Amino acid sequence: MTNEEIKEYISSIAPAASFDETGEWLNVIIESTQLKPTMAALRTGKMQMNYLFCLTCVDFKTHLTMVYHLSATTHRQSIVIKSNLNREQAVIETVCDIWRTAEFLEREVFEMFGVDFTNHPDLRKLILEDDFKGYPLRKDFEDPINMIKL
Amino acid sequence: MFSLEGITTNVQDWLFMKFNPTLALAIECVIVILLAISLFAILGLVLVLMERKVAAHIQIRLGPNRVGPGGMFQTVADTLKLIMKEGLVPDMADKFLFNLAPFVVMMVGMLLLAPIAFAKNFQIWDINIGVLYISSVSSLSVIGILMAGWASNNKYSLLGAMRSGAQIVSYELSAGFAVLTIVVLTGSLQLSEIVNAQQNGWWIFKGHIPAVIAFVLYIIAVTAETNRAPFDLAEAESELTAGFHTEYSGMRFALFFLAEYINIFIVCAIGATLFFGGWMPLHIGNWEAFNHIMDYIPSSVWFMGKTFFLIFLIMWFRWTFPRLRVDQLLNLEWKYLLPISLFNLLLVAVIAILGWHF
Amino acid sequence: MYNQTEILKDTSELGAEGELVINMGPQHPATHGVLHLVVTLNGETIKKIEPHLGYIHRSIEKMCESLTYRQFIYVTSRMDYLSSHINNLGCALLVEKGMAIEVPDRAKYVRVILSELTRIASHELWLGAMAMDLGAFTPFFYAFREREMITDIMEDTCGARLTMNYIVPGGLMYDIHPDFQKKVKAFITQFKSKVNEYEDLVTNNVIFQSRTKGVGILSAEDAISYGCTGPVARASGVSCDIRKIYPYEVYDKVEFDEVLETAGDSFARYMVRVKEMNQSIRIIEQLIDNIPEGDFVGKTKNVLKLPKGEFYTRVETARGELGVFVVSEGGTTPHRIKFRSPGFSNLSVLNHIAAGSKIGDLMASMGTLDLVIPDIDR
Amino acid sequence: MFLKEYISEVVNGVSSLLKGMRKTGYYFAHPKEIITEQYPDNRATLLMSERFKGEVVMPHDENNEHACTGCTACELACPNGTIKVVTKFEVSPEGKKKKAIDALVYRLELCTMCNLCVVACPSDAIKMAPNFEHSVFDRTKLTKVLNQTGSKIREGIE
């Protein structure tokens, strides 16, 4: 499928989606509320994106961006889905019922960035201790004891 | 010629000459107990060193080589370390049972020493039901292990102990059947008679293929009974850290460790007695000259040589094979070893009745 | 201090009636590091496994945000320390891709040879450790004998045995050792003569086969859904070798087969790794005599600045697909860096494949997942 | 039929086990295959690769001169803050002021042996040495000053 076809296809599911083709792959930026239906359609629809190979979050100081790298083991075409979140109230729906690998990756993002995944079956801290305060991978995280500035 | 028989007779004669019979008997008891304990200690040191050396050479290593010449005193140093270590008792453990368990395991080992013929006429107690005695007493050791596992108040220990219980109880059967084949061939439960019956050839040669099968079954079953790899599920350090002795340290751990090696020694000694003629030298048919030369080697050397050969075999197993899973372990016993040993017993009975053995 | 009733109350909250909750790790002989598994048992049968991570989390992703593009490569050696060279390569590829740096052919060849040597070394260590998990101690030492030859080659050429840091953006840090080719050939001869030992001791052993066959079965759909890569996914029949799909360096010039098995059990994962070692030998044999003469490092600027944008590269480490995702704001340091580590995804499948089996099977399943804890924690 | 399968299963299993035992038995009986290196005893014959990255050293020649200009390239290249260059101004006989190093402080306990400082050095003043026996009883001993006392920069190095 060419990029144009993919654009058309995604626009038919999420009309508000915007596209960015400057990078290696097609980037799709969609509203956080529309993420779940788009993802479900990408997985089960004609794209058959069955392989979520990277799920992460980026802190742009003004907002957080969830980044999903999707690919398919059949046609090997990759696209990047992005969704901007509010820093203070980062809520997005989970995709771990679509791709099982998202369960652990979302738990990691949850503790490192403070993104709340609704409907996640087991949203607990995975790496940090349970009483850890703050979100270490955010840019404004400060830890005067353990962080050494050179 | 050096003979242990002469020494024991001399000692007994001297004691009975000097003291009244009761006192002499008491002194003999004390001597025997001291001998048994020192045998335990020496065997522990030697066998641990042997295990480490065998393991090292199989694994293209050198093994202990720093303490003493060739690492000879490594185990002595280890023992010293273990004695000096603090013996911790877990907070919530059942203290009485926790402390008792290693001694129960040791005690079983000591009891089993009694009927073993170490050399010609050198036996603590030539009981006429020797084989029965051995098989009944050896099954007691599972109580010590269960006790240790339960009293430690540790989940790993409990799992290990339960595994060990299932394992020892089931492998007792095929070990018993393997022993029975020899009893059928000999027609006696007395160990001295079993040895004497092998004067003109060991049972493993005289008993045709069934005796060989019985020997293989015996070795497999006793490897399992002594909780050695590939049947070391009770300890299984990659699964249960250390199994039933996870919580033990210091001297109590050393006792468990020692008991493991003593048990190996004992089962190998019994195996050597039953299948390889105990202290009996290697005699072949009517090669008179050859048999005469063999007679010059002291009987205790024969016995120890055979026993250590079997011990080496068991160590060789340990350092070659992966561990079985717990259900496969029971499968092996109930689906393979037990049917084969039953069939084998039948075969031996036929051979014995028809007198087909040499 | 706890008193008895308190402890009893605590355990009653942990599991239902008849359940036994044990902590495997952080210090446990089979978890190879500080992995902490909370295992819920019913007798010997596993009901649930919950991994608790983070005992050696060093926040490499955060650290890299304050390191320049030359410096951050060395930190990645500490992630998956058994394939550190391939981690370094992935990062260097990203910088080269972002800045369009030309890499000389000589560097490309040497990078591939070293990557494959690293892969063999990693699989050798895994083979020994996995046999040890199943209770066979001896193969560990035989495997280490061959691995030692590789670490010696690494020491000669890269100057370190484990955390090489031999790759710089644009090529190699310095030229290969004069004895490099000779030593690699000696290793290939030794490896070929000794590889049948593993067959006698491990592969054909009836106990090993019964311990691993049909244990920890992972279907192809689940492997993809859980994001499994590397030998774990290939044992389930999922073609996922980055070297074949997205060839980097000179992998498109060499002939080798992507090893695929269909059974998806522990034995298939074992076989994939053993066969992969032979394929790696095949790759090395094709390249070792043909290393072109020339520069070992291309021309680069003194200060590396990645243009604004997002970059993603992936390489095939010994454990699977390592993805490096960098968000650059145009400065000398990355704005955000994310390592998509293969071990993290492979670990997440553990509960799925081991639940319902025996404790002994957990060792077989976990052993064949080939977990390296620093790779998971990062 | 069942019996045939059963027997062949037993025979195959036992023969596979015996094959393994033959292999381990071979190694047991051949002590020549032992690969143990008895480390502290073989110090005299132990060959370390000349590239082995053990610690950073600064070579001095027979006149106690080194090649470090104090340009702090190594300090900038180091990812961990291992190296600290302390500079001073030397006054030459002609009265010209010249920048030179006072001390190149190297903290071994922070060093990860990544070799980036050596690569960054424009005058090849520092290099990696194949020493690996670094243990000391006091951690402060790991902080070293690489230039020797009274050393100065070699002529002709800018």
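Labels A, B, C and D are assigned to the chains in the order they are written; within every chain, residues are numbered from 1.
Going forward, a contact is a pair of C-beta atoms (placed from the backbone, for glycine too) under 8 Å apart; a residue touches a chain by one contact, two chains touch by 3 or more.
Keep in mind that what you see is a predicted model, and the values were worked out from it rather than measured.
Enumerate, in label order, the chains that touch chain A and chain D alike.
Intersection of chain A and chain D contact lists gives C.
When I count C-beta pairs in contact, which pair ends up with more: C-D or B-D?
Answer by contact count: C-D.
Starting from the Cα centroid of chain D, hunt down the chain whose centroid lies farthest away.
B
Compute the distance, rounded to whole Å, between the mean C-alpha positions of chain A and chain C.
25
Averaged over CA atoms, how far is the centre of chain A from the centre of chain B? Could you give it in whole Å?
63
Roughly how many whole angstrom separate the Cα centroids of chain B and chain D?
Each chain reduced to its C-alpha mean, chain B and chain D end up 51 Å apart.
Among all residues of chain A, which ones touch two or more of the remaining chains?
Residues 150.
By residue number and range, which residues of chain C touch two or more other chains?
Counting only residues that touch two or more other chains, chain C contributes 138, 145, 201, 205, 207.
In chain D, what residues contact two or more other chains?
In chain D, residues 17, 20, 23-24, 35 touch at least two other chains, as defined above.
For the complex, give me every residue of chain A touching chain C.
22-25, 27, 50-54, 56, 58-59, 67, 69, 73, 76, 80, 99-101, 103-105, 108, 126-129, 136-137, 150
Write out the stretch or stretches of chain D touching chain C in their complex.
So the residues of chain D touching chain C come out as 12-13, 16-17, 19-20, 22-24, 35, 49, 51-53, 77, 79, 112-116, 119, 128.
Would you pull the chain C residues touching chain B in the complex into a rising list?
Touching chain B from chain C are residues 4, 7, 20-22, 28-30, 41, 44, 131-138, 140-142, 145, 201-202, 205, 207-208, 210-211, 358-363.
Looking at the complex, which residues from chain D come into contact with chain B?
That would be residues 10, 17, 20-21, 23-25, 27-28, 31, 33-36, 38 of chain D.
For the complex, give me every residue of chain B touching chain C.
Residues in contact with chain C: 55, 58-61, 92, 155-156, 159, 163, 229-230, 232-233, 236-241, 319-328.
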